[in-house]
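In the two assemblies presented below, chain A is common to both, partnered first by chain B and then by chain C.
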Partner chain A sequence: MDPKLDLLYRLADDQLILGHRNSEWNGLGPILEEDIAFSSMAQDKLGHSLQLYGLLHELGEAEPDTVAFTRNAPQFHCCQLVELPIGEYDFSLTRHFLFDHAELLRFQALADSSYEPLAQVARKLRGELKYHALHANTWMKRLGTATDEAIERMQAALNFTLPYALGIFEKTDAEAEIISSGLFIGEDELQSRWLESITKVLGQTALTLPDLATATPVFGGRHGQHTEHLQPLLDEMAEVFRLDPTADW
Partner chain B sequence: MTDANSQQPIAKSQIMDWLQAVKDPEIPTISLVDLGVVRGVEIDEASGAVAVHLTPTFAGCPAMDYMKRDVERTLREHGIEQVQVDISLREAWSSDMISEAGRAALRQHKLSPPPVLGNVVFDLDFLEYAECPNCHQHNTELRTPFGATLCRAVHYCHDCRQLFEQFKPV
Partner chain C sequence: MIHSLDPRMNRLGLPETAPAAAKPALDQFETYEVFHQKKEGAPFVYVGSVHAPEADLAFLFAKEQYSRRFACTGMWVVPTSAITVTEYAGDTESAYDTLPLLPRSAAPAPVDESVEQEEAYAAGEEDYDIFHLKKRGKAHQHVGKVRAASPAEALQVAKAVFGEQRPVVNVWAVRSADVLHSEDDDRDIWATTTDKKYRDAIAYKVQDRIEKFKAENPQA
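Let's look at the complex of A and B:
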């Protein structure tokens, strides 16, 4: 696949799918402020996915709605982390923390992309993503220094989630060209910046980052291999669209 | 007032003046011009067509379609027949684009205006510098970065003991 398309599909699909998962907290958050926070982040992420699908459309791909609502799981390039069900709040917060740190650093780097339309979008998104990282840090620090139960649950969530989070940095065949053409700094460099960033926050808590050397990254998502959770999500997300794809909203 | 029907060439300043009537659909005291959402106006002197360039405050802002329609309608009411509104991120919006008049309009709506960031790198510590729109003091604390809309954060004022909203710095 063309390196630009390869990169954009991964970015856009991550945003769309995690945006949809975040929206599932709407009305269910443990406190009103958290209900609103996850709903707001969902809205941001859907907006971000629209910008990225818009770039794909400019490159000759189908309309954003068609791309978002008519593909099946094997055609999606999101990492498996974002498609997992919301689970308990400890998992959703931990996923949010691990994903959004990578996301903020990714778009900060993409602001210097050699592909100017993507750099323009990144310059916009990085400012918004700071709020996502701030929100995640606040709760990791708050719960990661709270009661024994809170610390145990957050630690268990971190242990479970980390291998999936490493899957964010799964490379594709286009990786070498993506780096050499200046499109993006590459997944290895991103992962090393991410590790530094999350370590700094976790250092202010009672939580311990599991040893990365012994963790097996959950790969496959970038190549269309997904968990059994993605297709039901897509079916639900596209249910209304598929009733009448030509409807004008 | 010059009208489009009078065959006089229309000045950009005239268009901007008319666009002062188009307010943010969610904050009716502030115009899109003062909010910094209107990034440019181009007039084709031969055809009289007017192109208006808008940029969203937040990429996922659901009000952009309303804003686009409001701009089109307002200019048509002033006799401009050919109006083209495009929305893009060519020039990323920053809260520093809100004018002084815009900041006053936010205060009037009891929204704390965002601090001016200037050329410094945006650090989230800026969120703590919110001005209470009720008592105008800065003895305040961020409660949550996500409020009723994407562009608002919720703060608490320790002096007047009230929650208030701030237009987020970006």
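Let's look at the complex of A and C:
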């Protein structure tokens, strides 16, 4: 695949799927204020995906709605982390923390991309991504230093989620060209920045980052291999759209 | 199990009748009061409250509750318990007139930015932020700072500085140290709304379709 398309599909699909997943907390969040904040960030992610699908459309791909609502799971390029069900709030917060740190650093780097339309989008999203990371950090620090139960649950969530989070950085065949053409710094460099960034926050808590040497990254998502959770999500997300794909919204 | 049209509810597997767990009275977080600034240089104005376990989380919540759909360039949050409130005065009066009168000799002087300031702080004085409510139904607005050794004294100093203003229906005094301010480094977090019409209900123009639907379905 063309390196630009390859990169954009991964970025856009991550945003769409996690945005949809996180929106499932709407109305069910732990307290009203947090429910609103979490739903609001989910909506931000859907907005980000729209921007990125818009870039793909400019490059000759189908309309954003068509791309978002008519593909099946094997055609998605998101990492498996974003498609997992919302589970309990400890898991959803931990995923938010691990994903959004990578997201913030990724778009900070993309602000210098040689592909100017993408660099522009990245600069536009900066403020929102900063807030998302601030939100995640504040909760991690709060719960990671709270009661024994809170620390135990957040640690268990961290242990479970980390191998999936490493899957964010799965490379594709286009990786070498993506780096050499200045599109993006590459997944290895991003992962090392991410590790430094999350380590700094976890260092202010009673939580321990599991040993990365013994964690097996959950790969496959970038190549269309997904968990059994993605297809039902897509069916549910596109349920109304598919009733009449030609309807004018 | 509860069966709902919302698949998310079904996934929760909730029993038909929820166990009525007894909750302790007032089992909720503390409240924080939120002030926002609409544009650079404008005074901070009260917008509402949030529940939160601590100031940092109150700030996170306040950002989404109160700046998501409005222009905002800065935000302050204050624990509700840290606000000292005067009596309410009539619509043409001043709440400062409800404060206990001090003997003329004890009346405090306005803050002056002199060398005495350091001594004043050393002697236990602190900065207080003062907010006025000009009219019932409007919002409290920041009018300035005073230096004092207690909230009661802060109100007396504020009376000396701002007391001529009319009307002032109500006054709030807050120790400045109790105010959590948004940081200048984070200014970019406010720049999120202008080109996001999808966040506003008004962006969804559906009235013509509703009219059309009604015309085609008179029985509906």
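Note that the second predicted complex is superposed on the first by the 249 of 249 C-alpha atoms of A that agree within 3 Å, B and C clash if a C-alpha of one lies under 4 Å from a C-alpha of the other, contacts with A are read in each partner's own complex, and residues count from 1 in each chain.
We take it that contacts are C-beta pairs under 8 Å (C-beta built on N, C-alpha and C of every residue); 3 or more make two chains touch, one makes a residue touch a chain.
Model, not experiment: these values are computed from the prediction.
The superposed arrangement places chain B and chain C in clashing positions on chain A.
When the shared chain is aligned, chain C comes close enough to touch A:L28, but chain B does not. Contact with neither chain B nor chain C is seen for A:M1 once the two complexes are overlaid on the shared chain. Touch criterion met: A:G47 reaches chain B and chain C at once.
Once chain A of one complex is fitted onto chain A of the other, the partner contacts of A:H135 extend to both chain B and chain C. Of the two partner chains, chain B and chain C are each touched by A:I36. Of the two partner chains, chain B is the only one that A:Q120 touches; chain C does not reach it. In the superposed model, A:A176 lies in contact with neither chain B nor chain C.
When both structures are laid over each other on chain A, chain C collides with chain B only at 146-154; the other stretches in 38-46, 74-82 or 146-154 stay clear. Residue overlap on chain A between its contacts with chain B in one complex and with chain C in the other: 33, 36-37, 40-41, 43-44, 47, 127-128, 130-131, 134-135.
Listing the residues of chain C that touch chain A in their complex gives 7-8, 11-12, 29, 50-54, 56-57, 60-61, 63-65, 68, 186, 188-192, 196, 198-199.
Those residues of chain B that touch chain A in the complex are listed here as 58-62, 89-90, 92-94, 122, 124, 127, 143-148, 150, 153-154, 168, 170. Within the complex formed with chain C, the chain A residues making contact are 24, 28, 31-34, 36-37, 40-41, 43-44, 47, 85, 126-128, 130-131, 134-135, 138-139, 142, 236. By the touch criterion given at the top, residues 33, 36-37, 39-41, 43-48, 50-51, 120-121, 123-125, 127-128, 130-131, 134-135 of chain A touch chain B in their complex.
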